[in-house]
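Heads up, the next two complexes both have subunit A, just with different partners, subunit B and then subunit C.
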Partner chain A sequence: MCRLIVPLLAAALCAAPVQAARETLPLPPFTTAYQPTTVDERGLWMEADEDERRMRDAPEVIRDPALNAYAREVLCRTVGPARCAAIRLYIVRIPMFNATTYANGMMTLWSGALLRLHSEAELAAMFGHEFSHFELRHTLTGFQRRRSGSDLLAWAGLLGAGGIALPTMVVGGFYRFSRAQEAAADMLGFRYLTAAGYVVTAPADLWTRVMAEQDATEIGRYRKPNQRYVAGFFDTHPTELTRATYLRAAAAQIGGGGVDEAARFRAAIAPWLPRLLGDQIKRNDFGGSEYLLNQLAVDGWTTPLLFARGELYRERGNPRDLSAAAGFYREAIAHGDAPAEAYRGLGLALLRSGQVEAGKAALRDYLARRADAGDAAMIATLIAG
Partner chain B sequence: MLRIARDMILACLVAAAAVPASAQERSAIKPGFVLPPDTARILLFRPSITVGAQSTAGLFEPNADWTAQAREALGASLREAEAHLGHTVIDYAAPDGADAAALAEYHALFDTVAAAVIEFQFFPGNRLPTKKRKDQFDWGLGPEVGTLPGLGGADYALFVTTEDAFGSTGRKVLQLFAALARVSVVSGVHKGFAGLVDLHSGELVWLNADLQMGGDVRTPEGARKRVRELLAGFPGKPADTPVAAADANRAR
Partner chain C sequence: MMTTRLPNRLPRHLLLVVALAAAVPAGASNRLIAAGGRVSIARTPLTVTPASEWNRLGARPGRNAEVWTLDGDTLNALTFYAAIGEGKTLFRQADRREHPLPPVNRTMLLTDIPTLLENSYRSALGVATMTIDHVEPTPFAGAGGVHFSYSFVRPEEAIHVRGEGFGTLRDGKLYLITYEAPALYYFERSAAAARQVAESARLD
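Moving on to the complex of A and B:
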């Protein structure tokens, strides 16, 4: 039955009459200050409240007021002021592409997403999807589904009934249900995106780039790219290819128009870009990181991008990489606003390439700029040696 | 959605027999540690209390009402017990901002250390090589715990955690039928632990942990019994009254 949700939503989407170049899809009714009433839902909210007490004080939460204010503004613009009042948003410093929603309206946005998004419209697409999980109360229905399924399995296991077919069906049902929830959140999130006046191809573009990054990661690790259309048995989400496809189809129904606010998004992220890039480089994912850097550099290689690329190549450390890294560091330094660490990177890359004197000179430049650096003593031994 | 995997594992373990809790030690005190009565100032951190039901298959079903009742009843019982501990016990006022983050880290660290003690010291078969010597109890959070804001010159910190999942009707019926088939199904989870940390040295000086505690924490009487069990063996505590000792034989 759960599989019906997607076609139903899609049908609802298609059935709406196409008017001008762009239409606004109706949104479901929303109760402000919703309070859970049933035992199950109140229990789940209580659990989420405890999780949120921890999240509120967690060290990995990014507290930068400007970044938080911007993210909140986009969230409120996407779902409207009444709905966004129900949400507490925490930006968490985890260099992966993800966001999560809890039963009680706590939402987390992972810093890795900020690095991968290209525009405010794409951020709005993520927020719309996450908010839909909250609005459709997916935590509750997912929990009830798991409970009824596992109850059935417990009895079947005890009575020795059902053989292997029943557990397969029930367990497969959990994951199918989860995938249906994700698809439903995608489609409702798409409505929010449309209503807020953003470019409606944003989510499809986003998923297309996520796939490209995954492929680059696989190729970088000498494995075969493996995008599939059909979700696996244990997949909690539809595959990226599926999501990109149905979101692209939905966007085609709506037509063009809308704003993407890419420049505004880039400006808001700019102060964090060096740290986001640094976190990404540490993931030991050469192919994926190189893909991301190239994506970010469509309008030219800025200093943070060049420095990050130097670090990425220096970390892989083949002789040709060291030579390339030195080039990137030099380019960054030529821009005039490179961090002191660019001199360190240049020095270390040159030293390991056998250019000892030039390397030591760069390291001296580093120490001249950052005498109080944590690694100053270690770098000094390299210069002396 | 990651919970699905966890719950699946739980569900798969339903039929598995319960870990024999009798092999587990329940309490330990740092050798040579004495808490002279009437001298120490003890900070009580916000107790971690979770109460819910256990579904037929063993999933935890959180229950907000029961948890609220337990929080109230356990809070009252703790205050009552504090009066008999023979020390000054103060509720810790949670700080804000960066201080709150530091506190959260120490709370998490205490939970981790306590879990390690239960797993690697209280269970003799699982004891780490460095923890095998007799009468050894050497665990700590590090001396920096004393730099936490708002400690107000306190000497010790008391942490209390309880977790209860009452077997649902479905669970009990399953248990009954399973018993007929000679399969052991445990209905209900009642865990709790309490620990005392020396705020000057960061050492864990006392830990009491029990995976099968008595007392229905939702009721005032049950909570009183639970607090007695949690604080059983508290160092420097005046001798237990005979009533408390009799209650220690659990009713369940």
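Moving on to the complex of A and C:
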């Protein structure tokens, strides 16, 4: 009998959440002033509201009105004005590539993503994906799926059925479900991207670069790159390679066309670029940072990129790095618009390389430009020493 | 919450909590540090003479480090890093694979000490909002040293923490004492006692 119960319970598990969502939730969640209807949805929205109250006042949220207005404009262009009205977007200062969506329509975009995206089309691809999670109520269906799984395991435990195979199947099923949700969000997001008139290869390009950065990070840490072709048992997302592949195939079906608005995107994040680069350099990820800098410099090494590269090499601090860093600082200074800190970096790199007089001269240049610097007294002792 | 990609594991808790979970030697216990006596730090040549009582925590952030506190390490923490050599990190690495910490380098300058602390915190705590505010020369442990102030926000808690550091390099090894406490009330309350300990440091 137990053998009969298990497949029945498993079948119920697969069917129940989706049906429940269809039957009881007739309105899409982006409807104006939408109120969650079922007990599950109300609970998740309540939790998300609590998270959002914290997020609203969090010190790590970037409040810059211009940057926020730009991001919101891209979001609204991607999903349309009616849908974007349901979203509160928070740009959070976390120097890694990600974005999140909550059940109640709160969305976060991490500052590390801004550094890794090359165009407005890629930003739109991220927004399209995240909005799809909201529209498809993935938080709710994922929660229901998990609960059904744990119910099933509890019953099976009570009946003494299942052994090791059932928990494996249920847990594996949950992660498979999560990966299917991600793929669904990718594809609906892709449709938004297409409808908004953005270049359709943007998401595939993005994932390809994310993989390359991961490889560069691994190599920079003297490890083998470890891109995987197939998602692991406990992975909540498909592998980057899988996503790049099916998004590339979808783009090929659509064909060419669309705008990428790369220049507009670069202009919008330009005021933040030095800070985003600074956050990245301090992550102690030489390989990944060097890859990102090279990607950003495809159209030439600008002053902020050269300065950041100097800082990156100086902080790793091998003798060859210090020599390279001094070169990057000098190039940045030669551009004529380098920050005073470029002279500081040059001076410190030269001092550490044993070029004492040249180093002191650069530090004097720094103090001449920034007499009120927070470390002026310390730098002065290095010059005197 | 749904994310664009598999999130990198972000260490969420304070360094000390991580260190506690990582390795508390069996039998390690907190001990009272009496006022007025000369105390050796982590069995290294670094010694200090506190003018008031402190509590030394049994859990250490690293092999050559220890933490003293008055009210608990989240309210005031006086942390000593003693004789950290080439290639070693300030404190124990909680996630060496995803968030490795920057190591000490023999050719470091005094100005690199605040940067090392900042980058270690950014990697270990996942904070992007840490700033080094003021850096100045100071005599420390009988030699030239660096004194700096910093501030950051503890992730997930939105607590503004202020800190001060006193550091120097001797024979390519790093010696650093930091004091940190919530900016609200606690920092000022114990700052004088902490500075007194740092100023009493000697390297014999």
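Basically, the second predicted complex is superposed on the first by the 346 of 385 C-alpha atoms of A that agree within 3 Å, B and C clash if a C-alpha of one lies under 4 Å from a C-alpha of the other, contacts with A are read in each partner's own complex, and residues count from 1 in each chain.
FYI, a contact is a pair of C-beta atoms (placed from the backbone, for glycine too) under 8 Å apart; a residue touches a chain by one contact, two chains touch by 3 or more.
No experiment lies behind these values; they were computed from the predicted model shown.
Comparing subunit C and subunit B on the residues of subunit A they touch gives the larger count to C. Residue contacts after overlaying the shared chain place A:174 against subunit B, while subunit C stays out of touching range. When both complexes are overlaid on chain A, the residue A:46 reaches subunit B alone and has no touch with subunit C. Once the two complexes are laid over each other on the shared chain, residue contacts for A:331 go to neither subunit B nor subunit C.
Of the two partner chains placed by the overlay, neither subunit B nor subunit C lies in contact with A:215.
By the touch criterion defined above, A:236 lies against subunit B and subunit C together after alignment on the C-alpha atoms of chain A. By the document's definition of touching, of the two partners only subunit B reaches A:154; subunit C does not. Applying the stated contact rule after C-alpha superposition, one finds that A:54 touches each of subunit B and subunit C.
Common to the subunit B and subunit C contact sets on subunit A are residues 54, 57-59, 142, 236-237.
Within the complex, the subunit B residues that touch subunit A are 1-4, 7-8, 10-11, 14-15, 50, 52, 55-59, 61-65, 67, 100-101, 103-105, 108, 170, 174, 177-178, 181, 183.
Every residue of subunit A that touches subunit C in the complex is listed here, in rising order: 48, 51, 54, 57-60, 93-102, 111, 113, 126, 129-130, 133, 138-139, 142, 181-182, 185, 210, 221, 235-237, 240, 279, 282-284, 315, 317, 319, 322, 348, 351-352, 374-375, 377-379, 381-382, 385. Of all residues in subunit A, only 39-40, 42-47, 50, 54, 56-59, 142, 146-147, 150-151, 153-155, 157-158, 171, 174-175, 178, 236-237 touch subunit B in the complex they form.
Subunit C makes touch with subunit A in their complex at residues 1-8, 10, 99-102, 105, 107-112, 115, 118-119, 122-123, 126, 128-129, 132-137, 144, 146, 148, 153, 155, 158, 160.
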